[in-house]
Amino acid sequence: MFGIDVRQKAWSAGLIVLFFLAWELFCLMTGMSDLVLPRPSQVFVTLVQRFPVLWPHIVQTLATTMFGFVLGVALGVALGAIIGVSKTAYDTCYPLLIGFSSIPKVAVVPIFVLWFGSGTVPAVLTALSICFFPIVVNIATGLATTEPELEDVLKALGASKLDILWNVGLPRTMPFFFASLKVAISYAFVGAVLSETVASNRGIGNVMMTASSNFNVPLVFAGLFVLAGLGVALYVVFSLIEGQVTGWATRKNDVIAT
Amino acid sequence: MFGIDVRQKAWSAGLIVLFFLAWELFCLMTGMSDLVLPRPSQVFVTLVQRFPVLWPHIVQTLATTMFGFVLGVALGVALGAIIGVSKTAYDTCYPLLIGFSSIPKVAVVPIFVLWFGSGTVPAVLTALSICFFPIVVNIATGLATTEPELEDVLKALGASKLDILWNVGLPRTMPFFFASLKVAISYAFVGAVLSETVASNRGIGNVMMTASSNFNVPLVFAGLFVLAGLGVALYVVFSLIEGQVTGWATRKNDVIAT
Amino acid sequence: MQFGARAAQIESGDLAQVLARSLNSRAPISGIWLACTLTVMRMQPKTQLDRQPRPEGAAATAIELSEVSVTFGRGDRAVPALSKTTLKIADGEFVALVGPSGCGKSTILRLVSGLVRPTSGVVIVGGREVAARAMRVGMAFQNPTMLPWMTIERNIMLPLKIVEPFRSNFRRLRKTEFRDKANALLEQVGLKGFGSRYPWQLSGGMLQRANLCRALIHEPRMLLLDEPFGALDQFTREELWAILQTLWMTHKPTVLLVTHDLREAGFLASRICVMSARPGRILDDSRVGFARPRTVAMTFEPDFVALNQKLRAFIEDARSAAEQGAG
Amino acid sequence: MQFGARAAQIESGDLAQVLARSLNSRAPISGIWLACTLTVMRMQPKTQLDRQPRPEGAAATAIELSEVSVTFGRGDRAVPALSKTTLKIADGEFVALVGPSGCGKSTILRLVSGLVRPTSGVVIVGGREVAARAMRVGMAFQNPTMLPWMTIERNIMLPLKIVEPFRSNFRRLRKTEFRDKANALLEQVGLKGFGSRYPWQLSGGMLQRANLCRALIHEPRMLLLDEPFGALDQFTREELWAILQTLWMTHKPTVLLVTHDLREAGFLASRICVMSARPGRILDDSRVGFARPRTVAMTFEPDFVALNQKLRAFIEDARSAAEQGAG
Amino acid sequence: TAEETTIKFTLGWKTQGSDAAFFYAKDHGFFKEEGLNVVIDQGEGSGATVTRVMSGAYDAGFGDVNAIIQNASTKPQEAPVMVYMMWNQPPFAIVAKKTSGINTIKDFEGHTLGGAQGTPTTRLLPVFTRKNGLDGEKIKISNMAPNLQEPMLIKGDIDAALVFNITSYFNLVLNRQDPDKDFKWFSFGEYGLDLYSNGVMVSRKLIASNPKAVAGLVRAINKGAIAVAKDQNAGMKAALNYDNLINADVEKRRLQYSFEKLIVSPEMREIGIGDIKDDRMTRAIGIVVEGYQLARAPTPAEVFSREFLPPRAERELVYTAN
């Protein structure tokens, strides 16, 4: 068992490495200018060299993102629960939310900046406003599609709507909640960075903006790699929690004993 | 029954109107400058007045978005199916995808432009690249959490993996597929518009960029309203399909006869 | 007759063992309902057990369905499940509901528990119109729907989490007393050690037994049991009959039991209602007079067999009548 | 005795009706298996029906479990479900599997259908190691898991969509012949008109009958039935027994039936295997010699009752032995 | 027709009145006369023009010469070449709100300046402070997107902004301010940073493969510029023709502003539009090298080529506002 697991992870890691190798080769073979698409090796070198400079920016971006993300999750779960439970809320909020999220956040950031000044606050707000929607949608759908049979178990006991939400709706929705977290965390990064590129003196977005006007494309990509890395790191954290919480839903392999 | 349904819809419409009224009043009371946040009434007036000018741009944006969206859905379903079915694909693709979607697309658009020139192609690609991820995640999660009992029904008949995917996995996942479509369509708009603001001579994004560099904020908001409207219109379309396809999953009210 | 031996054993010799185990268990006031029940039983002479605390006439009405019809769906696709069913159950009665498949038995239970509202007619439970919430109802669904994200133990403890007075103490006691309570029940139904498993790790019959535990754990005054022993083998079934009988005799909850097994109905119930084919109505309402505690051996005696045959004939008539009507 | 009347009726008088309906149905070659079956039956003198096409010894082995153990989970939480079970079933045999709840009966069916792989030992089905895919297996799960997004009709037609030779014609015939086939089956089990419903609109017993239809529709050479009549009333059950018996006599599929009803086992099976409590093993393997077609009336005859009692004793011994071992 | 050479041309930004020369040339068939099919796309910044041309996505564009200098320093073989210098005066300026109490450049010390990252104005500020003896440490910089500078300036979040005068002036107008009365302008050109700025650049590939096309392109644009200098209304007509979303009044004023402040200068009168003075360019390169901390100073010839310019006589631009 252990063997298979390790082998599988090795495979995956190998494939990921392969992806970067392919990219490297592609650039080398097509003689791609590093102004357009730098080779991963260049990016890594830049990343390592400039890491001390990047570090405070990484911390800044991570902090604003996490803050916005946490708020976004809270808002998303709350809204999702309301929408999933009430038909009126569903009919009212969904159009508004879809409308709101069809709006590019780039257009909204300046408003945040004018209201709250540049820097951390608009970054947090942008992260929040971009990341809560997938959570709302999945929580709402999860609640709306909960099997009535499961709810009946509690209803027959005279449980309140809140009891049912808490004991049936939300647990049932967990796998899709975690799915939406994967989307949400990556969008939270996008939001925070977006806001930083618009108005901020710190953060990866700021670095990338400067680097790009310097035509330092490898540094831009270093910034992108940092973002990707942070996204993946948080994904790994959530995956571990997910494994604990939603193991019941992905029990496929357990049935076949070996 | 019919009565209740109409009443509910009226409620929802009323609440939506209320939202805009509140916004209008807020602006009037705080004496908000229309350079920061125009009143909805101003926006509507601008929208109506400039509609003939906006029309070709709307068509352009809608076309690129839909194109990107359709491609994104196809890609998303395919990737989601692979990830949901194969553990190795899960371990390999998820980190790469999370990494990729943590990257602000603003940084990617210029690369598309450098490769494909400005205009429709990068807009389609951006829409695609921003909208497929929520679909991947939900399809993959849906497949991974399909009850093994349901799959056993087909397995016992000697069905192939593809049979199972087609007859059990995907239908079971439909509610969450539609949920992800809601996120995907709004992000597809964001992506297309984003690309248009960076590199295009047409489209709502271009309009908004021009308007914003002219500080014609009501026109910017008119663009946002158009986007929101398009998003909602497509949502309504999907909702109708969804009602047909996933009715079985939201059968709550059917159980109680009246 | 040898068939009854096992059940009889549980009612006599095994008691000491069950009781001892319960008392040895860690929780001090682990007032395990069943264990207590059994204690009470042992201390009283057997013949006195079949007491009727209230004279029949004076018993308050626990459940009353008057002219209740239920139709699922609308228009073309309407399925009439019940048509003008009238049924009155006194407090503390043990009523068995038998009838052909699809005749509306589960629907009656769902009406009583408030999960389905009647299309017409009135359902009065505990003196109020469909006020299941006010009662402590224990319901064993026909399909043992355990919540898949919880272990069996936690599934069984669910009513304690929801229903007062347990609810207030749930956070405090769920790791000690309540858990012991759940495990004691599990042990009673032969699922010792399976409390920490997940529902999908149990066999069909095991799930059904866990389902029964969930219906009992909060000591409800009203039990709605929908074929609670359907997927069990005869012996396990008979053991559980005995346990259920004892429980009823001690606490006198109102029980509404749906079953297809006429022996089961005869063994357990004080009244058997036979339903017609869909749309269901109560066709026959027979009182079962056998003395309690009843033993499995009794079910092979001529009186008992005669009752069974009477019921059988009823059901058969109901079925063929319905079929001719339909055909 | 009157109990058998209904079942006997189906085997004689009703046939004409069933057949007529089938022939009147729109699909020209609607070769409804059951209808054909019944036709064949009618045309042959009853006594010849219990023919054994191959001498017992020569019959090929359909299913062979040799020293099969299955353990679910690992380490502390390991549950041994089967331990060194050996079972050999010839082609065309009708074997009933009885035993206490949780002893591993469903696990055996899942082994044979290839859904579970043995921890140790070998399972040979149709001459190949766990090669369920090669066989046309019809499986009725203990819990009738209908796909909730399909109507009953479409659920029942599922095997036709998957299994050759139907698969190739599915797109062409699903609206005509196959659908008629499904509806004819539904009518046989008393679910006429429910084909267009969704699973959650059916009662427990109705679902179980639909489940049986799904196992039969593709005319499998091997039937794995896991308590297919558990949630049905006695009459529906007996009707279905008769249908199943006729089907078996005509087509001689290999049948492995799990049941808790000893009468059912005696009525249907040519061999009854009694399993021990968990971890399961085959304790007893009795051949049932009664002539076919058997009638419900026969189940009340002394020979039959004696067989039942013998089996009962076996199971009881197995249970108490296990309990003493565990205790 | 079949022999027409297609040239993909990128503007420096979204459609603006100051681009009228290109639209005019296109509308009046000047490009066609040269056998060119010029496709004009809007841009994403005058610096990005360089990237677009370098990557091969565009053949030519209107952009910042300082960005060429920057790239020529590291990638002399890839950097595009400027072939027609349109704006020979630098638009780089600092605009301060009069109420903030900034009257001289010395007053920047102790105040907050809003800058858009990466714009030449922002990046050359260190050179500006050094050349003018200011203490850079005491000047606080706040970064923001270009279109946020004016609103934040008006709101008082910043005291002055590092801008392009041609953009910022009209942004203030559009924000209903009086840019002359309430604001004070400090142009880099007047404080020792005598730089060149935007002009027409082409890729080295195009020069190598089709020099005739380059010459034609320059000739056509030159004709357009001269025509628009005479008649801005005609220029605006062409601009509106290209993009009917623009605010014609403001863009016309922007067009005139570009002539008045950035194009018409003593140097232009002397050498004609489109050309440069090499010694001034050498000095400008020095400033950029210092400001951007470049490793190598490119020669003016690496940055600018006058090879494709029409004769001096054809480059006589006379501006008359109308």
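The chains carry the letters A, B, C, D and E, assigned in the order they are written, with residues numbered from 1 in each.
One rule holds in what follows: a residue touches a chain if its C-beta (ideal position, glycine included) is under 8 Å from a C-beta of that chain, and two chains touch if they have at least 3 such contacts.
Computed from a predicted structure; not experimentally measured.
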| item | value |
| --- | --- |
| Chains in simultaneous contact with chain A and chain D | B, C |
| Chains touching both chain B and chain E, listed by label | A |
| Relative to chain D, chain with the most remote C-alpha centre | E |
| Of all other chains, the one whose Cα centre sits farthest from chain C | E |
| Interface residue identity across copies chain A, chain B - same or different by half | same |
| Centre-of-Cα separation between chain D and chain C, whole angstrom | 29 |
| Chain C-chain E separation of Cα centroids, rounded to whole Å | 87 |
| Centroid spacing, where centroids are CA-atom means, of chain A and chain E in whole angstrom | 40 |
| Rounded Å distance between chain A and chain B, as computed from the means of their C-alpha atoms | 16 |
| For chain E, residues contacting two or more additional chains | 51, 55, 147, 151 |
| Residues of chain C engaged with two or more neighbouring chains | 72-73, 115, 143, 200 |
| Numbers and ranges of chain B residues touching at least 2 other chains | 36, 110, 114-115, 148-149, 212, 246, 249, 251, 255 |
| Parts of chain B lying in touch with chain E, wherever the complex brings them together | 35-36, 53, 110, 113-119, 198-201, 206-207, 209-216 |
| In the complex, chain D residues that touch chain B | 110, 113-115, 132-135, 137, 139, 141, 143, 145, 147-150, 158-159, 161-163, 198, 200, 214, 218, 224 |
| Chain E to chain A touching residues, read off their complex | 45, 47, 50-51, 54-55, 67, 70-71, 75, 78, 117-119, 123, 141-145, 147-148, 151-152, 155, 157, 292 |
| List of chain C residues in touch with chain D within their complex | 2-3, 6, 72-73, 77, 79, 98-102, 105-106, 142-143, 190, 196-197, 201-206, 209, 226-227, 230-237, 260, 262, 312-313, 315-316, 319-320 |
| Complex contact set, residues of chain A against chain C | 147, 149-150, 152-159, 163, 167-168, 171-172, 174, 246, 248-249, 251, 255 |
